[in-house]
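Structures incoming, each one as structure tokens.
After this come two complexes, each holding chain A, first together with chain B and then together with chain C.
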Partner chain A sequence: MNPAVEVDRLSWTYHLAARPAVCDISLTIPAGEFTLIAGPNEAGKTTLAMAIKGLIPHSFPGRRAGVVRVFGEEVQRKEAALLAKQVGYVFSDPEAQFTSLTVEEEILFGLENIGVPESEIEHRIRRASELTMISDLLDKPPYDISGGQKQRVAIASVLAMDPEILILDEPTSMVDPLGKDLIVEICAELRRRRRLTLIVIEHNLEAFAALADRIVLIRGGRIERAAAPREFLEDPEFLERSGVYPPQVTQVFARLRAHGLYRGPLPLTDEEGIRAGDALLRGAGA
Partner chain B sequence: MTLVRVEDATFSYPDGTRALDGVTLEITRGEFVALIGQNGSGKTTLSKCLAGLLRPTRGRVVVDGIDTASKGVMKDLVRRIGYVFQNPDHQLFNARVYDEIGYGPKNLGVPEAERDAIIREVAAVTGLHPDLFGEHPFFLSKGLRQRVAIAATLAVRPQVIVVDEPTTGQDYRQSIDVMDFLVRLRVERGHTIVIVTHEMPIVAAYAERVVALRGGRILMDGAAREVFSRPDVLAETFVKPPQATRLAHAWARNGVRGDALTVDELVDAMRAALAARDGPPAGRLEAGAAHPPQEAGDV
Partner chain C sequence: MVPVDSPFYRYHPVTRLVLLVFLSVTPLFVDMPEINLGLILAALVLLRWGRVRMQQIRRYLPLLATVALFMFGVAFLAPGDRAHLAAFRLAGLTFYFQPMWWAFVSYCRLVAMLFGAILYFSTNRERDTLVALRSLRIPFAVSYVAALSLRSAGMFMEDFRTIREAEQARGLDLESMSVGEKAKLYTMYTVPLFAVALRRADEISNALFARGYTLSGRPAGGGPRTDYLRRRYPVERRDRALSAGLAAAFVVAVVLGKVMGVFSDQLSPLHGAALRTIGLR
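And then the complex of A and B:
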């Protein structure tokens, strides 16, 4: 089976830009995996994601080298309608993509656009809104809800189209703490089901690292590191220098390790950290 | 000395939503205060009331002796308290960075030569190179646009600076830069700083005082260490203490100081607890001694 995404030596320079936004990037994402993309602002994360969605080169002028394949087929050779259906993209500012008067119409709009038969529509809307916990918002105007709710509506309208690849671009950046937890929960549920390939661009490693199959660090348009979460977080100081804030629990145990006080694997979550710390303090874990 | 006094302030939006419900609060000169809470908790409304952008529908807000609801006080008020919006695009409207920064002083009738000196000074303070003066703010990065917004606020030299969500949309390095910058404004120039934020690690690392709101009321008001040591109460506004504090709290049952706020503090607390467990009595500790052997079982 073809991988969901193959990026092969991709470089892209936006029209009139002095430097390439992404530079010689190669990355293969197997179908069903959850990939977390981290890195400082302006590092090329969104550009890479837009190349997978085909927005580059379809919607932006610029210079390209290399190819992006989605399920084995070159993105620029793919029919736009098929690509739109296969790859869903939720922007960090969801309001920018709203066009309708109610949340339900917002979800419906995308479904009608890709020609989903009427008999299926109600079911699709219900399924997407249950997963994103917005069932009680369907008759509200999408402008008149909180930032976290908007983000979930945007995710619902893309999910309803049944994409095989879902890209979330900084889904928690404009969202309050409760809203963040709900979005993390949605991603955890999507990962558990393994029905789609999930690509999430995020600064918040604390909430997302443990969910991901692989984390990719992009900096200055290049991939600096790509590894499974525990391996990726192995050197928190390197990550900090690269402009990424590792989970505090990982930082703490890396520092204890540097002091010769801890020898186990670096924990990724509160639960793992509490257990490792308890064991260490009781004298069993070092 | 009290600089800002909020007396039993209530604020209702025209649609009847009561965003603030009897809030009383005093902010002392030179404090670094963080307002936290769930969306709808009232923190942004409170911050706007502090700056006189909203007037309480009941109660009062007094800034350095000036009641924000009095007529004709805006000119005096802007010299005392300035507001930086979360989205810098909500406040930037001039076509050149230079004019944007100079807009406030110009409005207050500051003569041109003096204005130029102020613009250059606040640009230097905010790290905006004079090469940027002719640029259109719209074409700068978000981080730079926010600096322009802060510079424009500083140019009228308000005693208190209120910043809504200073780190939203910023990456790790940019977040540290903007927070360090606010600390410098406080330490070197004596400004009082109020931030509104969802980022608890930022609050723990930078704010001395935390005011947590819920449903338009103050849920907790105290030192960051006190507020974060009550996760049960904080949970009412859906805020979790930073991860380091959560771990410290859990390990307290094993003799770790339970109130660490940052990674540094938690590592120190952990090392102290391990040393207390493993180490020889303090008097016999030799300089350069090897790491004490591991204990096999519980101590």
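And then the complex of A and C:
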């Protein structure tokens, strides 16, 4: 079986740019995997995601080397509508992707583009809006709602298209803490309900580290590290130097370990932290 | 701002579009001001019936006043060839009847057209326009561009407000500025607004690609495009009857006005009354 995404020695230099945005990147993402792509600003994360979506080279001028394949087929050779069916992309600025006058039309737009039969459309709109908790917003203009709601509308409009791969570009960057929790909850729900290949771009690992199967660190247009979350977060100091912020609970226990006060595995979530702290206080973790 | 509930919503968007065409285009074929004043009255009655907040209509008063000032000002200041014009004096000033009368006729026509448009945009959401265009089998790309244009008008105003608020937050005092200074300031707004518009155009283009849009509007794998939105607005018998009635009335108005000259301003009772009032007849 073909992997969901194969990036083979990809380099991309935007038109008039002095240096490549991504350089000789190779990455394979198996179907159904949750991949978290982390890295500082200007690292090349969004460029890599746009190459997987096909926006590069379809919509941006520049120089390319290497190949990106989605389910074994080269992205460059695929039509926009076919790519939209397979790869959903939620932009970091949700408003940037709104093209319609109401939330319902926003969800509907993609469905009509990919030829979903009318009999199925209502069901898909209902399912996507329930999952993203926006059922009460369907009649509202998408640009007239809160930041968190906008992000959820953007996710719903892509989810309704039933893509096999879903890319979320910094989905929590423009939302309040409550909105951020809801986005994470939606991603967790997606993991539970469907075998969806999920690619999330974030430079703050707090929210998604525990959900991911693998975290990929990109810096200066190159992959610096790719590993399962626990292994990836083993060296928080290195990550901080790389402009990536591990979960606070991981940082706390990493410091305790650096001072010789803790020897166990670094926790990724608050719950794991409470258990590790409890064990530490009882003398088992030290 | 359209009303939450309105009797207009019982009618199909195409019927409402036909009403717009009737109210806004018919005045072009009518010179007689009484007919155009009647159309204005009809639009006002329909606004009331459509549960539009009449306070909303007050927003258009400055526009109506400015247009009147401009049109009658031109007729007063530049009346044309005076040798053939009938002069009369009012409040110590000399006026010429024909240009003033024609300004009045044109003003009534313009206001009637404007009220037709006000009625339409006060009782129709952008979605209704989109459904109407799709129902008329306008190519998808055209109807979609129309919808995007409607949306971009709102975004433009929002961007303008954001830029102005940002300047006011940094101490800009519009109240203390002269008209000339304000004009200069508004000219300067074009630079950031243009830059934002370009960025938005780029973003929307990427979003369209990401959602599988093609210029033909045809879905992946060919075949006709599904139109879920249009199917939700069935055309009823009353829509057909009203649209046919309005279309027939429009044709009658065009024939009577342009072919038979029945709506000539010279046949207007107001014309005779005005001449008698100022002592020219």
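We adopt the following convention: the second predicted complex is superposed on the first by the 285 of 286 C-alpha atoms of A that agree within 3 Å, B and C clash if a C-alpha of one lies under 4 Å from a C-alpha of the other, contacts with A are read in each partner's own complex, and residues count from 1 in each chain.
The definition used in the following text is that contacts are C-beta pairs under 8 Å (C-beta built on N, C-alpha and C of every residue); 3 or more make two chains touch, one makes a residue touch a chain.
Given the structure is predicted, the values throughout are model-derived calculations rather than measurements.
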Item to check | Fit-or-clash call for chain B and chain C when the two complexes are aligned on chain A | outcome: fit
Next on the checklist: After the superposition on A, what does A:Gly273 contact: first (chain B), second (chain C), both or neither?
Outcome noted: first
Checklist entry - First (chain B), second (chain C), both or neither: which does A:Tyr143 touch? => result second
Next on the checklist: By the touch definition at the top of the document, which applies to A:Ser100: first (chain B), second (chain C), both, or neither?
Outcome noted: second
Next on the checklist: Quick one: is A:Val116 in contact with chain B, with chain C, with both, or with neither? Answer first, second, both or neither.
Outcome noted: second
Next on the checklist: Output check: A:Glu79 vs chain B and chain C. Expected answer is one of first, second, both, neither. What do you get?
Outcome noted: second
Checklist entry - So, A:Pro20: does it touch chain B (first), chain C (second), both, or neither? => result neither
Next on the checklist: If we overlay the two complexes on their shared chain A, which of chain B and chain C does A:Pro229 touch? Say first, second, both or neither.
Outcome noted: neither
Next on the checklist: I want to verify one number: the closest Cα approach of chain B to chain C after the superposition, in Å.
Outcome noted: 5
Next on the checklist: By the touch definition above, which chain A residues appear in both interfaces, chain B in one complex and chain C in the other?
Outcome noted: none
Checklist entry - In their complex, what parts of chain A are in touch with chain C? => result 53-55, 58-59, 79-85, 89, 91, 93, 96-102, 105, 108-118, 121-122, 141, 143, 157-158, 161
Checklist outcome for this item: chain A contacts chain B in the complex at 39-42, 92, 146-148, 170, 173-181, 203, 206, 240, 243-245, 247-249, 251-252, 255-256, 259-261, 270, 273-274, 277-278, 280-284, 286
Checklist entry - So in the complex, which bits of chain B are touching chain A? => result 38-40, 141-143, 168-174, 198, 200-201, 238-240, 242-244, 246-247, 250-251, 254-256, 263, 266-267, 270-271, 273-274, 277-278, 291, 294-299
Next on the checklist: Please output the residues of chain C touching chain A within their complex, sorted ascending.
Outcome noted: 125-127, 130, 147-148, 150-151, 154-155, 158, 200, 203-214, 219-221, 223, 225-229, 231
